[in-house]
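Labels run A, B, C, D, E and F following the written order; every chain starts at residue 1.
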Amino acid sequence: MAADFRLKEQLNSLTDRIVDSYKDIGNINHLGHCPLPSSAVIVDILKDLKEILYPGYRRRQNLHMGNVTYFVGDLIDGLHDKLTQQFARALRYEYDLKYGVDCDRRHLMDFEARGQQAAIEFLESLPAMRQILATDVAAAYEGDPAASGLDEIIFCYPGLEAMTVHRIANQLYRQEMPLIPRIMSEWSHSQTGIDIHPGATIGPSFFIDHGTGVVIGETCVIGTGVKIYQGVTLGALSFQKDNDGNLVRGTKRHPTIEDGVVIYANATILGGETVIGTDSVIGASVWMTKSVPPNTVVTIETPSLRLRDAS
Amino acid sequence: MAADFRLKEQLNSLTDRIVDSYKDIGNINHLGHCPLPSSAVIVDILKDLKEILYPGYRRRQNLHMGNVTYFVGDLIDGLHDKLTQQFARALRYEYDLKYGVDCDRRHLMDFEARGQQAAIEFLESLPAMRQILATDVAAAYEGDPAASGLDEIIFCYPGLEAMTVHRIANQLYRQEMPLIPRIMSEWSHSQTGIDIHPGATIGPSFFIDHGTGVVIGETCVIGTGVKIYQGVTLGALSFQKDNDGNLVRGTKRHPTIEDGVVIYANATILGGETVIGTDSVIGASVWMTKSVPPNTVVTIETPSLRLRDAS
Amino acid sequence: MAADFRLKEQLNSLTDRIVDSYKDIGNINHLGHCPLPSSAVIVDILKDLKEILYPGYRRRQNLHMGNVTYFVGDLIDGLHDKLTQQFARALRYEYDLKYGVDCDRRHLMDFEARGQQAAIEFLESLPAMRQILATDVAAAYEGDPAASGLDEIIFCYPGLEAMTVHRIANQLYRQEMPLIPRIMSEWSHSQTGIDIHPGATIGPSFFIDHGTGVVIGETCVIGTGVKIYQGVTLGALSFQKDNDGNLVRGTKRHPTIEDGVVIYANATILGGETVIGTDSVIGASVWMTKSVPPNTVVTIETPSLRLRDAS
Amino acid sequence: MAADFRLKEQLNSLTDRIVDSYKDIGNINHLGHCPLPSSAVIVDILKDLKEILYPGYRRRQNLHMGNVTYFVGDLIDGLHDKLTQQFARALRYEYDLKYGVDCDRRHLMDFEARGQQAAIEFLESLPAMRQILATDVAAAYEGDPAASGLDEIIFCYPGLEAMTVHRIANQLYRQEMPLIPRIMSEWSHSQTGIDIHPGATIGPSFFIDHGTGVVIGETCVIGTGVKIYQGVTLGALSFQKDNDGNLVRGTKRHPTIEDGVVIYANATILGGETVIGTDSVIGASVWMTKSVPPNTVVTIETPSLRLRDAS
Amino acid sequence: MAADFRLKEQLNSLTDRIVDSYKDIGNINHLGHCPLPSSAVIVDILKDLKEILYPGYRRRQNLHMGNVTYFVGDLIDGLHDKLTQQFARALRYEYDLKYGVDCDRRHLMDFEARGQQAAIEFLESLPAMRQILATDVAAAYEGDPAASGLDEIIFCYPGLEAMTVHRIANQLYRQEMPLIPRIMSEWSHSQTGIDIHPGATIGPSFFIDHGTGVVIGETCVIGTGVKIYQGVTLGALSFQKDNDGNLVRGTKRHPTIEDGVVIYANATILGGETVIGTDSVIGASVWMTKSVPPNTVVTIETPSLRLRDAS
Amino acid sequence: MAADFRLKEQLNSLTDRIVDSYKDIGNINHLGHCPLPSSAVIVDILKDLKEILYPGYRRRQNLHMGNVTYFVGDLIDGLHDKLTQQFARALRYEYDLKYGVDCDRRHLMDFEARGQQAAIEFLESLPAMRQILATDVAAAYEGDPAASGLDEIIFCYPGLEAMTVHRIANQLYRQEMPLIPRIMSEWSHSQTGIDIHPGATIGPSFFIDHGTGVVIGETCVIGTGVKIYQGVTLGALSFQKDNDGNLVRGTKRHPTIEDGVVIYANATILGGETVIGTDSVIGASVWMTKSVPPNTVVTIETPSLRLRDAS
């Protein structure tokens, strides 16, 4: 490799200037604080959870009812430890942020204990989560004529992938776990192109087909048996600001979608008070900011097309 | 790590309840069956194939005509073994699903023999596949003024990445290989945001620019020299149901795009009987459900814009 | 594994035919040339750079002002070596392409020296880059009511991820480094669904929310404090061709967005002469090919919706 | 990298000559045969077995009686699969060698079935093996005043490492498994410098201190509570040849060491009919080829030393 | 893989029997206790330390005085964390063993604080350790006519490897760190065949040539400039037992070797009161249990050889 | 992890003191010099070479005459590149050492060219090397009644492992390649406990049984069909010093062993003028410093043993 050492010594001055910038621009560092949760470990946790939720599809083969208990028991045990550590870090992070303290060693055991309680509460939610995910798999099979069977859906449908991570992240959101649900949902977003905020409330038998570009906001409420296509946005209409001009955080900003609704590709539905009534159908590219009653079919008046001969 | 053993013992009961759910909710497990194809191995196979199709760009450097035969011969030999095993698993999976049997050892050699035949048929398709991919690379260069050369396209264009995987997956689809083509196409989808069903029939010199959000359905037929942009959907208009209300699978549900057509961003073309005639141009955001003759330029009557001064 | 050797010998003939195709279809190989830059190393470089730009979030924990100098100095030193090698390869690639020569050993040291100069120029840009990225982080916090704090943004916002890579790639684009900026931007595109050409000029305090499907073209010029949403395209209107019918490369083909503009989801703004004036707001799904003056709010005349009762 | 292609083409001729040598010197290849057992997998198997035999010391922490069943059950299940495959390969190798056949597909299932039976027979031996290894650990503690406790012995005594592998390999030797026991014992030899043939019969409470250079032959028989030091050889006196001058294989060629014997460093005891009687002590560097009765202390008449002043 | 499930279910019973054996044979498990130090991390620590002691030879290249501070500072910082954790585990292990308690959470911070103090004390010893290791390297060069230079010694002499680990382990032994020094010395033993107890006191300029089979006991005291060859044992003569027949631990059991002594291959020197006087030479295969004065040359009266003609 | 930052800041001062020691103790650093050969790459090279010398035993399975050419050709091609780089580094290292220069960029291409020539000369030696290794394998089978076949020897005999590395290292020694042969031989030493200097001249059909502790010196000359056992030393009698008291390097210091000689365990043969005549047998533990004529059997007058009853 090149070796003009005078040039290289110049790098030492650069190092000093970069480190100085950590003082000047202090809010995009994480220096002198307790360790944050680890993105890499959180992704591992998601992979372990998928092995439990859908056993036999990926990492481990030759599973049967005679050996699956060992496999699951061992995973659960390892997850208990990983989750406890990551949750303790997230809870302490939130505490330090709130009280403006640097990492100290006090309360260490308290955060580990709280992390462990949260880990167990979370793990206890898995059997019910499998029940609801089974309805999502079935909904995908019923909704896509190209699907050859349930296994294909579990193996490769990005919509199911996104919903699996969402149901995990939403459980943690409801447990008020900081930071971790969002790390999970953005990892899923990067894998699938589907962006579901962990706060969204989504009923069983939910199916997203193709999925790229879907956005589902934090305060959405979605009923049973809803089906949506690629590019659908369930978003906020505008953001309320308070008297000081700051964004108001925490209100319902995203729509309600009732049972049995179908929303076709690239439709946009906005606003916290917008309700799409039961069994309604929203056509492709529709742009809605108001509620519709149940059993309504909404389509756009297709813009007129201009055709001319270019030959 | 935390060590309150009473809490941990609670996990044993949880393990039992999860395992019980494998009996109650039996259709999202793969227990007691023959091994499925491995997603990880299939991704490896795709990476090996790209080394053969575009030698010298990625894993291996310093290749020249004097040593490339060894490199390719060794890859082909390894691919023969990997493909044989994965194809045998996919074929046996299909058989077991069809006849409702658990994994038994009968016919083992039959499936391996069928897997090997399919592997060789597939590998024999590679020279012709390179010819058609060379037309795709050329089409990208001709179609994008930002491209500095062919190497940049091979190195980093997601549209070419998607088409490379598609031409592989489509070959296997035509060989009626179960499950594996879909695993391939969804892996490509997660990498590129471009969702092409392995069944789609696509002619040479095809170019997708930018690509995020593109959806191309199973029964599409696309001619020579077609060019499409991000967000384009070539989809189904609606799904036919039979008398029992079940989806009819296997009919032509997606459009036909003839030679030389250009389709701009976010256009949507739907329906199995829709034909876009030769050399036509479909404007951005157009929504088509009917055929147009050759040499037609279709644009939307842009929705009127309302401008108001907000200052 | 299967062992019918006659079938396997058939593979030798296939290998020969594939290698023959490297002669016949010679432009999608890289045989007999100098090594190209390595995609894998370039991704490593990006990960190292993120450790320097946002220390303490990912790979390394327990950093504080007392030890961060060692950590950064060691990374800078390693980056110097990696960048020098990759830049030398890219510069030599460009030279060989231009002069049509195969890889020879002459000028080797010249390219390494030029690579090293470029590496140092690039590394010197990091302190200023941190300053501008801090404004992007702040803009995200101000723009998204769902954000819990700056750390969440650094940890998981795809818009920030895309802008971080863009500001790196754009620096190299301005240094006229071949190939590498595009490898970087397409890697970011595959992670985030956000496609920003390295050539785009983007001011501070830029925020992309959700982001999937965003396309920003090479000759865009974007001011300070601009905010855009998923699916926004800032593209070319059409491509000029010269008298021989070849695409004209190098002109300004993409729009100018002035300070403080907000562009909502799926809006499309096209053309090199289109200017969106300061503090204007472009509504969702708007399709613009003309300039608007400052302080303009543009919304589409929403296409009429047809509602019918389907019950 | 260097690129004088003429020199490189010379490599092709070399490759041909090497491959020709595979025909001419055909007995140090393994070409055209069934796969051999994999050394790497066998080493993995040994590591898994050590986790079962001594749980909690290495790979996995935080084990307790509440979770260890899952951990062990999962390991046993995985070992069943790995052992079955490796044993099937070893048995088939032996068959092909004996009958002079190349790898064919017949009897495939027979070999897997025999491999599985052998795997289960082997796994069933583990509880008894733990009992005897516990006596070895205790013997080490009693025999070495430098040992701080049992954990130190399990963690780092090479003598225990060698005996653990030996008791595994000897079990397989008694099951007449080809090739694999020797691969195991030579792996242990390379780790510890202790060379014990898998065929050696060794009673409980055996302790090897330091160990480097110890050699224990195939037909040794060692009683209970024996202790040996580094450099001890328990070997063959000479090899019998038959009338044709070939070595006679399979007779007892190595000594018998009765209960309670201690053999100090570098002693050499040779011959299949040599018996060291109960509770005897063999001094350092003694060279024995004859039996001694019980309770005998054997020391060498130390060779006279010559001392001279070199100052 | 084989799939006779009845056979596999037999494995469940086996698992239960193995777990039962953890109760019956309870002293070769580590269940329900605090985590032990990790062998894998300790080996990593040794590799990091060698990078600091001999910079530029192995992992990292292109080091020079301009960048080595970052490299070393970063390694020291990481070592502080790893050592603190491992030392805390070792200290707690010792405490739990002594007081017979299972792992509880009390005193956690005390052990970490003690671990950190020990880590800093250890790291502070490194500059002096480099000084003494430089004398060992020089001694090897002076002692071996086959050595081409100092770099060859640092790169590949097992004697230096063993002494490097010994000087590290001995520092920790003197700090009374439990378990870890022995894990280090046995790792070195397995790499080099040289077995030096961490307790041995060894002066500067020590050289071991070839080394396989060397054993140096815990209470050895070795002066300056000593040189020994392969197979040399510096051991205990016999073990004292107390009135109850238990081994007496902690007395001086191994010899004293004064300055300038040379001991040739396979010599054995035993006994805590044996002193080899300054500048003496002990011949190959000599067996000493008594002291010799300074400047003595000791050789064996070579055993008479019997020569007979076998032709 | 612990976080008393005052203690940690103390580490910065320590870092400075360590770096200062790189100036004070300057001869055990490699700072400011060209990169040395890489031990890790050299071990990789040895593993690649074993795949070529004994194809089908380890990394790659399912090789047959139809595909082995690709496998070998690809390995040879990769080895050419790796060897060229490592040899260039070793040659430059020698040059810089000799002329006392720090790493500069001049002559870079000269060293690469010399490295490449040496690489090709080395690779050309492989076919003949296979011929001689085949005689070593046969000698092991003939010499060890415990061997079940040639495959067992190739798979796990440490003596063959040591000889394979030796024949490689000796070829490079004869090519006068600096440093690398010694790195190879010491790696082999650490794996097998057998220490053969790369300079030793060893004829065909050589067999080392068990092997731990064997030492064979640089200027040994060993004939055809020689067999030796564990612990045998073929060493130097004493080292000549010149008038200045420096060791004389480069004379014949180690013995000559003629064809057909057998040397039993722990025998020691010393001196450059010592010749063991054809077909002689040297008994275990014999200590020779003089020549013996052909066909001589040498045994020690076994030291008298003292037996006493200890019961």
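Just so we're on the same page, contacts are C-beta pairs under 8 Å (C-beta built on N, C-alpha and C of every residue); 3 or more make two chains touch, one makes a residue touch a chain.
Since this is a predicted model, take the numbers as computed values, not measurements.
Here the chain-to-chain distance from chain B to chain D, counted in touching steps, is 1.
Common neighbours of chain C and chain D under the contact rule above are A, B, E, F. A rotation of 120 degrees, rounded to the nearest 5, superposes the Cα atoms of chain A on chain C. Chain centres here are means of the Cα atoms, and by that rule the chain farthest away from chain D is C. Residue-number overlap of contact pairs with B-D passes half for only one option from D-F, A-C or A-E: A-E.
Different-residue interface: chain A and chain B share under half of the residue numbers found at their contact. In terms of their C-alpha centroids, the spacing between chain E and chain F amounts to 24 Å.
Spacing of chain C relative to chain F, judged by their CA centroids, is 51 angstrom. Chain A and chain F have centres, each the mean of its CA atoms, that are 57 Å apart.
Residue positions 1-3, 5, 8, 11-12, 15, 32, 35, 61-62, 64, 67, 69-70, 72-73, 76-77, 81, 105, 193, 212-213, 231, 266, 285, 300, 302-303 of chain C are each in touch with at least two other chains.
Across the complex, chain E meets chain C through its residues 62, 67, 69-74, 76-77, 81. By the touch criterion stated above, chain D contacts chain E in their complex at residues 52-58, 61-65, 68-69, 72-73, 76-77, 80-81, 84-85, 112-113, 115-116, 120, 123-124, 126-127, 130-131, 133-134, 137-138, 142, 145-146, 148-152, 154-158, 191-193, 210, 212-213, 230-231, 265-266, 284-285, 300, 302-311.
On the chain A side of its complex with chain C, the touching residues are 1-2, 4, 7-8, 10-12, 14-23, 25, 27-33, 35-36, 38-39, 93, 97, 178-179, 182-183, 185-187, 189-190, 193, 195, 197, 199, 212-213, 215, 217-218, 231, 233, 235-236, 239, 247-250, 253, 266, 268, 279-281, 285-288, 292, 294-303. Touching chain B in their complex are the following residues of chain D: 1, 3, 5, 8-9, 11-12, 15, 61-62, 64, 66-67, 70, 105, 108-109.
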